[in-house]
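One chain, subunit A, appears in both complexes that follow, with subunit B as partner in the first and subunit C in the second.
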Partner chain A sequence: MENIVFGIGITALTGALATVAGSAEDTESNIGSQGDPNSQVQLAPQMGFLHRIFNKAVAGEPPAYGLWCALGAGLAWAFMAMQVNAILAIVLGCILAVFVQGVYATTAYLGRTASLAKFGQPVYVDIIKSMTTVTMAHAFIAIFCTVALCQLINGALGHPFPLPLLALIWGIALGAAGSATGNPYYGKERQYQNQKFGAGVPISASGNIVRYAEAGERNSIDNGFFTHKIGGSASGICFGLIVFLEIWRTILFERIYAGWGAIAVGVLMILIFTVIDRYIEVWARKNYGPYTVAKEADA
Partner chain B sequence: MSAVAAKPQAGGAINPTAMAVGVVLLIIILGACWYVSPNLGLTALIGVIVGGVLIGFGTHFVPVGGAPAAMGQAPGIATGVAMLAAGAGLAGLFGGAWAAELGTTVAVITGGIGGGLMMAITCMMVNFVYVFGMGIPAASGKVLHDPITGDSQAEYKSQGTEGHGLPFVSFVGGVIGGILAGAGGTLIYLALLDLYKATFPTMMGATHAQVLPVAVSVAGMFAVALFLVNAVLTAYNITGTIEGPHDPKFKRWPRAIVASAVASALCGFVAILIVVKLPM
Partner chain C sequence: MSVKIEVIAGGVPHDKIMIAGLVSTIVCIYLTYLNAFTNTQMFSFFGGLAVVAALIWGSHTIKVLCSYGIGTGVPSAGMIAFGSGIIAMLLATKFGMLAPIVALVLAAVIGLILGYVSNSILNMKIPAMVQALTEMAVVGAFTVMGFAAMISGGFTFTGLTTSTATFLGFPITSYANSFIGGGLIAVAFLLGAIAIQHPFNACLGPGWKQDRMLMLTAECGFLSMIVAAVMSFALISAGSALISLIVAIIGWLYTYTRFFEMSKRDAAAWLDSKPIPDTEGH
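Let's turn to the complex of A and B:
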């Protein structure tokens, strides 16, 4: 019984860490335009819309976070092998991993923006100075939370995988969940704030991203502030639910019927999410209605 | 032939010669494995190939919209094919590896359910953001009616787009893809773990308990690597985006099955060669 209570406590803690990690990951990627919306940031100068948006996308979020989390976890593991306290080891490992992220962000921005020189897009040195540190701070939160939850899974819950491998797996899953959930909100709702609410961006508007703020030109910290409220929170909830429910069903139900209990609970949860998804879909169709009359659309 | 006269390339045509070459390559690799390790090695390789094929096939179900989906210009999840499949499958592998001691069947199904659960949560949250964050209903660009619910799609597409969000059939496709990918990744891990647990003690001159952490780590790394190989290979077959099982691109899966089988066989053979003595 004590083991189960301890397991539930650790599970709750990993879920909380994952929620913070997901939220920080999405905000970091939005400030750096690392998700799929980077295509518009890259396209805008080619269409004649010069901007001051930070763009550090040279890899997708999942492999990038897989690398940074595995790097942080590997270094933390090495520090722990040198008898350094676990918390200090994770902090040190993550700090070193964040420096790699900073180098990546700087070279990516310089490379991507320099390639747009023929369209007149300048490389802004002040953007590197002000944005890179902000993305590094958010990346530190995301990497630290992910490595910490992997340490809990490995050390407290006894998962067989070593810490760096767990961090690689959950880093990739973090990037996948964060980019899947957060990208549309940044790509459509923020970059194309000048388009109609409640509709997708017409393909003909591609590249015409919003470049001006209430005062002066819009910068990427504004974007992070805006997207964090819904995109970041949704990404955090998404990754938090994934980590929490995956561990929760294992800890509580794996001993029932030699593993079949956890499988049954997993199937039940998939069915519950399916019903919720269908409810959301039908709710939107009923409340928002169609864009055109059905006959016209079929024709 | 001028560019105008050239036939448009569908990109989905099955090339029988290439498929035959793939099958021959697969047989050659299997034969080579049977030659160097007829029992343990061959069993592990078959497990790796079946796992790889499951990943390759499962990735076709995952609805991925890439960059256009991030602007609400196309349906699907706004990320890359390989990355999303890897995220779901590796989450499954995590659960499957945890359940390894409960037997192959339970572990593989647990891995599958882990991948399916990850996709179910992600797909639900994608629709949540589209509907409640952006006020956009789900609509498919490839079919007039959802094949599962029968809901009409065309009038729910906003002007100038190919659709947006995840219609129900795409959600179901995502969950099926996650289940297959998670089960495949776990099967590869278990196949290699059994091989390494049997061969490492002799090779390293250590006890089973001493080699277990090394065996788990090496099998886990190969499973992750093989996962990425198959997911990326399938992404090339899909070429960009896919809405799910109702998308015409889904019909390309036979090509990916052969390619995944050959790639998994070759990579799996390398994973086997590190522990098997070559008969000289």
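Let's turn to the complex of A and C:
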């Protein structure tokens, strides 16, 4: 019984860490225009829409966060093998991982912008200076929380996988959660605020992203500020729920039929979520309806 | 939506880069074997140099492959390179001193099969596919092997899975505290997989320049070498790890500043806190 209570406590803690990680990850990727909204930022200068948006996609979010988290964990593991205190080791590992992330971000922005020289897109040095540090700060929170939750799973719950491997798996899950939950809000709502709601992105509007703000020109920190309220929180809840429910079902039900109980509960949860998703989809279609008027999309 | 890119000619031909990359990678990996002869770990940094050489070759292969309009497939090209390469590398480490040669042959066979499957069975029909996947599997195998040699001081299977720690004054064999047992191989996998795809992914577009992309590859390689050197402090002697770290930092600083200069050279304009320039019609 005490084991279960201890396990549930750790589960709650990992869930909380995961929520913070998910929120920070989505904001970081939105400030850097990573994930699928990146293609429109990349396309904009080619369609004649020069902009001051930071464009630092290193890869898709899942592989990129797989690397940052695995790297943070690998370095933390190495520091712990050198008898450094676990918390200090994780912090040091994450600082170095964030350094790598920052360097990748600057080279991605420079490389992409320099290759768009034909279309007149300039390199803005002030963007590199101000945005890279902001993404690094958010990335640090995301990586630290993920590596810390992996250390809890490994150390407190006794998971047999080594720390870097766990961080690789949860890092990819973190990137996937942020990419799937947060990106539509940035890509379709923020970048295309000038289009009719629900219109999607018609071909004629390709690359015509919002480049001007209420006053002056929009930059990526405005985008991070905007998307953090809903996109960031939704990503946080998404990743938090994934981590919490995953560990919760393992802790409570793994003793039933030698582990099969946890698997059965997992399948049951998938079924429940499928029903909920279907209900929301039907409800949304009924309330907002299909987007039918093609002419308005061109306007 | 991906940007359609045309095959861009010019620069050093690919075959030349491939042969230079292959030879220098094998030579650098074998130079780490000096560790065994001299009974030190001082030559581990050659593993990192092998990584840089292999990545330069690999990123140019990705450029050749992805010039056929595979815009969003660039990161996945890095993943398949390492996914296929790591199998060959792990098996090859059982062959002792012959490991790099066995890894080369095995990876080439795996890559050839994958290339055949994707081109002929999945009907992708991309002219460069078979050769590129073969090359990338070899690059993947060599890169992980280079990281292994750099972090743990050797590339034999026993060396990668065991380490000797001292417990209460007695030497004990530990499996958890090793390159594979500690999961550092997962870090090496992703360090290489991101570093190999990033240069072309970052530099693609109409203004692509070969020297700028390859300089970025070298920068990514040295950057990965820096963190790998920090991790190697756990498995090899502090002095040897320090040599790797210093070599990596010098290489990274040089390539990073050179990449900045080249970007400045190629960019349309280099502005600080300036508004969006006016363009016609917008």
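By definition in this document, the second predicted complex is superposed on the first by the 288 of 299 C-alpha atoms of A that agree within 3 Å, B and C clash if a C-alpha of one lies under 4 Å from a C-alpha of the other, contacts with A are read in each partner's own complex, and residues count from 1 in each chain.
What we mean here is this: a residue touches a chain if its C-beta (ideal position, glycine included) is under 8 Å from a C-beta of that chain, and two chains touch if they have at least 3 such contacts.
Source: prediction; values computed, not measured.
Engineer: Which partner does A:S204 contact after superposing on A: first (subunit B), second (subunit C), both, neither?
Structural biologist: So A:S204 only meets subunit B here.
Engineer: Thinking of the overlay built on chain A, is A:I230 touched by subunit B (first), by subunit C (second), by both, or by neither?
Structural biologist: first
Engineer: Between subunit B (first) and subunit C (second), which does A:F161 come into contact with in this model arrangement: first, second, both, or neither?
Structural biologist: So A:F161 meets both subunit B and subunit C here.
Engineer: If you count the residues of subunit A that each partner touches, which comes out higher, subunit B or subunit C?
Structural biologist: Per-residue touch count on subunit A favours B.
Engineer: Tell me the contact category for A:S39 with respect to subunit B and subunit C: first, second, both or neither.
Structural biologist: So A:S39 meets both subunit B and subunit C here.
Engineer: Just checking: does A:D222 make contact with subunit B only, subunit C only, both, or neither of them? Give me first, second, both or neither.
Structural biologist: Touch partners of A:D222: none, neither subunit B nor subunit C.
Engineer: Which partner chains sit in contact with A:Y185 here, subunit B, subunit C, both or neither? Use first/second/both/neither.
Structural biologist: A:Y185 sits against subunit B, while subunit C stays out of touch.
Engineer: Based on the superposed arrangement, let me know which partner A:E61 touches: subunit B (first), subunit C (second), both, or neither?
Structural biologist: First partner only.
Engineer: Just which bits of subunit A does subunit B share with subunit C as contact spots?
Structural biologist: Touching subunit B and subunit C on subunit A: residues 39-40, 60, 63, 161-162, 165-166, 168, 206.
Engineer: Write out the stretch or stretches of subunit A touching subunit C in their complex.
Structural biologist: Per the stated touch rule, the residues are 39-40, 42-43, 46, 48-52, 57-60, 63-64, 66-67, 70-71, 73-75, 77-79, 81-82, 96-97, 100, 103-104, 107-108, 110-126, 161-166, 168, 206, 211, 217.
Engineer: Subunit A touches which residues of subunit C in the complex?
Structural biologist: Going by the criterion above, the answer is residues 1-3, 72, 75, 78-79, 176-177, 181-184, 186-187, 190-191, 193-194, 197-199, 201-209, 212-213, 216, 219-220, 223-224, 227, 230-235, 256, 259-260, 262-264, 266-277, 279-282.
Engineer: Taking the touch rule as given, give the residues of subunit A at its contact with subunit B in the complex, in rising order.
Structural biologist: 35-40, 60-63, 159-162, 165-166, 168-170, 172-173, 175-177, 179-189, 191-192, 197-206, 230-231, 234-235, 237-238, 241-242, 245-246, 250, 254, 258-260, 262-263, 266-267, 269-270, 273-274, 276-278, 280-281, 283-285, 288, 290-294, 296-298
Engineer: Considering the complex alone, what residue numbers of subunit B touch subunit A?
Structural biologist: Residues 66-73, 77-80, 83-84, 86-88, 90-91, 93-95, 97-100, 102-103, 106-107, 109-110, 113-114, 116-118, 120-138, 144, 149, 151-152, 154-168, 171-172, 175, 213, 216-217, 220-221, 224 of subunit B touch subunit A in their complex.
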